[in-house]
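Notes follow once the structure below has been shown.
Residue numbering begins at 1 within each chain, and the chains themselves are lettered A, B and C in the order written.
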C-alpha cells in the first residue's frame, strides 16, 4: 500500500480518536427520562364515549381563528382529511368489514381524535434549533413562537405523530398545531374541544388526575352504569352512561416518554393510526448520543488540539512558499 | 503553492458556459417565484415529507461532495503526504463552491428565512438540537474555506501590497486554519447523520442506527477523495491538460481503504441489529444497490493494473460518489416513511432549481479556475 | 260516460269542490309518502256513499288527542266528522250523552261489525279490575276488550293509549297500561304516540287504512314508519348547532336567544322518534314545535323517556347516528333515519388518507433525462480516457 510505519501510526492515532468518539453512541447510562410536570394539563379522550359529532373540530376552528379546510372539490365544506395548517384537531373514523358495531375491531367502527399529544419529552422541542417549539414550564403544553421559527421543518421530521403542519401555500409560512388553547387560560378558559364536547369524550384537566380517571374507567365492569365527567375532570357535571368494552391500555401513559393527551379506546391503537412507540422518546435517544459525543465540548477541543499539533509539526518541517 | 498552480488565461464565456448560464437563469426565475408564492408552489414537499430533493441533494450530497478540501487536508496536513499538495487548491475550490451553494440552497429551502440570523444568537438557540451544531459548523466552515481559498484569490493581485501582506499572514496561520478546517467538517458531517436519529421509527431500520454519525463521517471522507479524483480527471479532460494518474491512483487506494472500513462497520451494524436487509422489498434493493456502488472502488483498487487505468479511476470515483449520494438519499428520503398514505417525488420546478444551482456552481468554478491559479501545473504530480 | 264517484262528492260532502277534495287527498297522500297517483285512490275510497264508521273509546285521557284534531286544517275536524267519517261514538264530540250515547254506540257496532275503525285514547287502568276508569258503570278495560275484536282496525292515538303516558308514570297507582297491553298484547294495532300527537299523523293513518284496507308499514312498536321512522334529532333544524358544539346553557342566555341546540338543557330529541320538526303544530308556520320555540323536547311520545326521565337530564345518545350511509336491507336501500342506528357515516376522514405529492410524468421524465445525460457524459469521458490511454500507450508521466 505504500504507507510508512510512521504514517500508519499517525493515521491510526488520529483515526482512532475520531472513531472512538463517534463510535460510542450507546454510553453506559442514557439520560434520565424526563418526568411529568406536576401541574401538567392535558386531555383525556375516550373513543368509546365519542359519537363522532365533530363539535370539537368546529369549536377548535372557531377559537383558533382557523379557515375552512376543503377536501371535496366543491370547496364548500370544511372537511379535512387529516391535520393540516388549517386543522389543529380532527376526528377520524376507523371501519372494518361491515362496520356495524361501535368500538369493535372486526366488522366494527371507532372514532379517533388526532391532535398534538403534548408529549412529556417532545421530539419537536428537542429538534427545534431555535426553541420556536417549546414546552410551557407549568402547563407542559408544547407551544409555538413564530418569531423564533426558521421554517426549517425539522420538527416535522422529529414528531412521531406527524403533528406539526407547515403552511406550504404561503410566502411567509408558519408551523401550525394545537396549542392546548393556552391563549384562553388567562381568561379562565380551557381547551375548547373539551368545553364543547357533548358526551364527555374529551375532558380537560391535570394530567395526574386524568391518568387516575383513565385507570378508573379501565377498572369498571362492562355493562355497569357509571358517572363520566363532562368538560373537565374536576367538573361537578357528570353524565351517566353504560360502560362498554375497553382495550386495557392507556395510550400516552408511556408512549415515546409519555404524553399529556391520553387516549382510551377498544379498537387497538395501531389500527387507529397511533404508532407503537417504545418508552424511550427519540429526543432522549438523540440527546443521549449527542451528549456522549459533545458533553462539555471535550471531544471537539481534544480533536482540534490533536489535529493542530500534528499539522503544526508537519508544516514546520515543510518549506512553504 | 503559487508555482505549482497554473494560471489559465482562456476565455471564460464559452458555449458550455452559456448553456449553464441559461439553466441558471431558469433557476433564478423559479427561485423568485418561490419567494413570492411559497414553497408549495415550486416543490412537491408536504407535511409527510418536509425535506425533499433540496435538503437531500443540495445540502447533504452537496456538502459531502464538497468534502474534498476536508479529505485532502487530512491527507496532506495531518498525515504529511505532501505529494498530494498540488491538488489541494482545486479540492478546496470545489469545496468552497459546494458548501457555499449548499448554504444558499438552505436559505431557499427554509420557510422563515428572515429569522435565519437567529441561529447565531446564543441566547436564542437550543443547544440540544443537532441542527444547531450542523448550522453553526457549516456556517463557520464556509468562512474557513473561503479563508483557505483566499491565498489563491490574492495571488491574482500580485501588485497589490495589501494582498501580499495578507497572504503572508495567512501562511503563518495555516496550521490553525487547517486544524479548524478539519475539525469543523468532522463535527458537522457526523451531525448531519445524527439528524435522522430523532426520526425514530420513521426511518427504516436499514438505515436507522445510533452509528449514523460515524457512517456519515466515513462516507463523507470517502466522497471527498472521490470528488477530488473526479474533479481532477474532468478538468484534465475539459481543459485538455495532462492527467495526474499516479497521484490519483494513490488517492484511490486511500479512498478504497476508507470505504472498506466503512463497509465492514456498516455490515456489522446491520448484522448486530438484525435489520431486515433482504425482506424489505424496494428498500432492500436500494440498500444493496447503495453498497454495491461502494464495493466497486474497493474491487477496482484490489487490482494494480486497474488502479493505474484512468478509466477505472474515473469509474471508481463516480461509483463512490453515487454510493455516498445514494446513501444520503436512502437515509433521508427513500428510507423515510412517515406513514402509509404519504408520497413524495420532486416536482419539475424543484428539479430545475437544483439543476440551476449546480449550473451556478459550475459557472463559478469555471470562472475561478480560469481567472486564478488553481489547477496544478503539469509535471507536478 | 259513467258517473265518476268523485262527481258525487259535492252532493255528499256539501260545499267542497271536487278540485279541493282531490287536492286534500293528494296532500294527505304526499304526507304519508305515497306516490302521487294515490291521491286519486284515496279520493275514490272516501267519496263512496257511506261514510266509514268510527268508534272512539276514551280511557284515562285529558282530551288532548281530540283537541289536537281540532287544530287540523286539512281536513278540519268538523269536515272530518260531518263529511268524511261517521263518528258514531266519542265522549266529547257526540251530540247525545248518557244512555242515548251508549245506545248509539251499541247500534253502530252491531250494524258495522268488522267494518268500523276503533280509535282509543287515554290509558287503561288494570288495577283492581279496572275500577279506576269506568264509563256507564263498566270498566273501560271491559268495554275495550269487548269492542276491539269487532273492529276492522284499532288505532291508539296519543302516548297514553300507545304506551301508558302520564297515568302510567311512576308510581302508577292505577296500573295504567296502553291499549295494546290491555288487549293482552296480541292485537295488531296502530300506535300514534305523542302528547298530543300531530293530528296529521293520525289522519293520514286513518285515510290509509280506509283506502287500502290494510295497515301502513309499522315499526316494532306498532308506530307508522312514515311518521316515527326518524329521531327528532335527525330532523331538528337546530341540528347544525349540535354538530358544531353550540349549546344553550341556560334559559334566556345568549345561546338560547340565538336558537342554539338545547341538548344541554335536557332536550330528548336524540332518543325520541317522531316527526314534530317536519310536521310542526298548528299550521302557523316554521318553528312551531317545542324545540323550535326554545323549549327542549321532553320525549312525550317515547316510552321510557317522556314522563319518566327528568326533564333536565341529558338524553342518551345510544340511538343517535349521523346520517349519510346507504344501508341495504330487505326493504331496499335507505339513507338516514332510525334504521341507521349504530351505523357509521361516510363523511369522515379515514385513518390513513392518501396525501402528499407523488410522481408526475414530467418530473420522472426530467429526472430520467438528466440521469441519462449524466450517464452519457460519463460514458463519453470514459471513452476519451480510453482513447487517451491507447494513444499514449502508457501513463502520461513516470512514477
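As a convention for this text, a contact is a pair of C-beta atoms (placed from the backbone, for glycine too) under 8 Å apart; a residue touches a chain by one contact, two chains touch by 3 or more.
Because the structure is predicted, anything quoted here is derived from the model rather than measured.
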Checklist entry - Of all the chains, which has the CA centre nearest the overall CA centre? => result A
Item to check | Longest centre-to-centre distance from chain A, chain (CA-based) | outcome: C
Next on the checklist: For the interfaces B-C and A-B, which has the higher count of C-beta pairs in contact?
Outcome noted: A-B
Item to check | Mean-CA-position distance for chain C and chain A (Å) | outcome: 46
Item to check | Approximate Å spacing (C-alpha centroids) for the pair chain B, chain C | outcome: 72
Next on the checklist: Using mean CA coordinates as chain centres, what's the gap between chain A and chain B in Å?
Outcome noted: 33
Next on the checklist: At least two partner chains per residue is the criterion; list those residues in chain A.
Outcome noted: 273
Checklist outcome for this item: For chain B, residue numbers touching 2 or more other chains are 45-48, 339
Checklist entry - Out of chain C, which residues touch more than one other chain, so two or more? => result 352-353, 355
Checklist outcome for this item: chain C contacts chain B in the complex at 352-360, 362-364, 366-367, 370, 378, 381-382, 384-386, 388-389, 395-397, 399
Checklist outcome for this item: Touching chain C in the complex, chain A uses residues 51-56, 58-59, 79-82, 90-95, 99-102, 109, 111-112, 196-199, 239, 241, 271-273
Item to check | Residues of chain A that touch chain B when the two form their complex | outcome: 1-2, 7, 10-11, 14, 18-19, 22-23, 25-26, 83-84, 123, 125-131, 146-154, 156-158, 160, 162, 164-174, 256, 273, 275, 277, 282-283, 285-287, 289-290, 293-294, 300, 303-304, 307-308, 310-312, 314-315, 317-318, 320-321
Next on the checklist: So in the complex, the part of chain B that touches chain C is made up of which residues?
Outcome noted: 44-49, 233-234, 237, 242-246, 308-311, 314-315, 318, 339-348, 350-352, 355, 379, 381
Item to check | Complex contacts: residues of chain B adjacent to chain A | outcome: 1-3, 35-41, 45-48, 50-51, 74, 77-82, 109-113, 115-116, 118-119, 124-126, 128-133, 135, 171, 174-176, 178-180, 182-183, 186-187, 190, 194-202, 210-211, 213-214, 217, 250, 253, 257, 336, 338-339
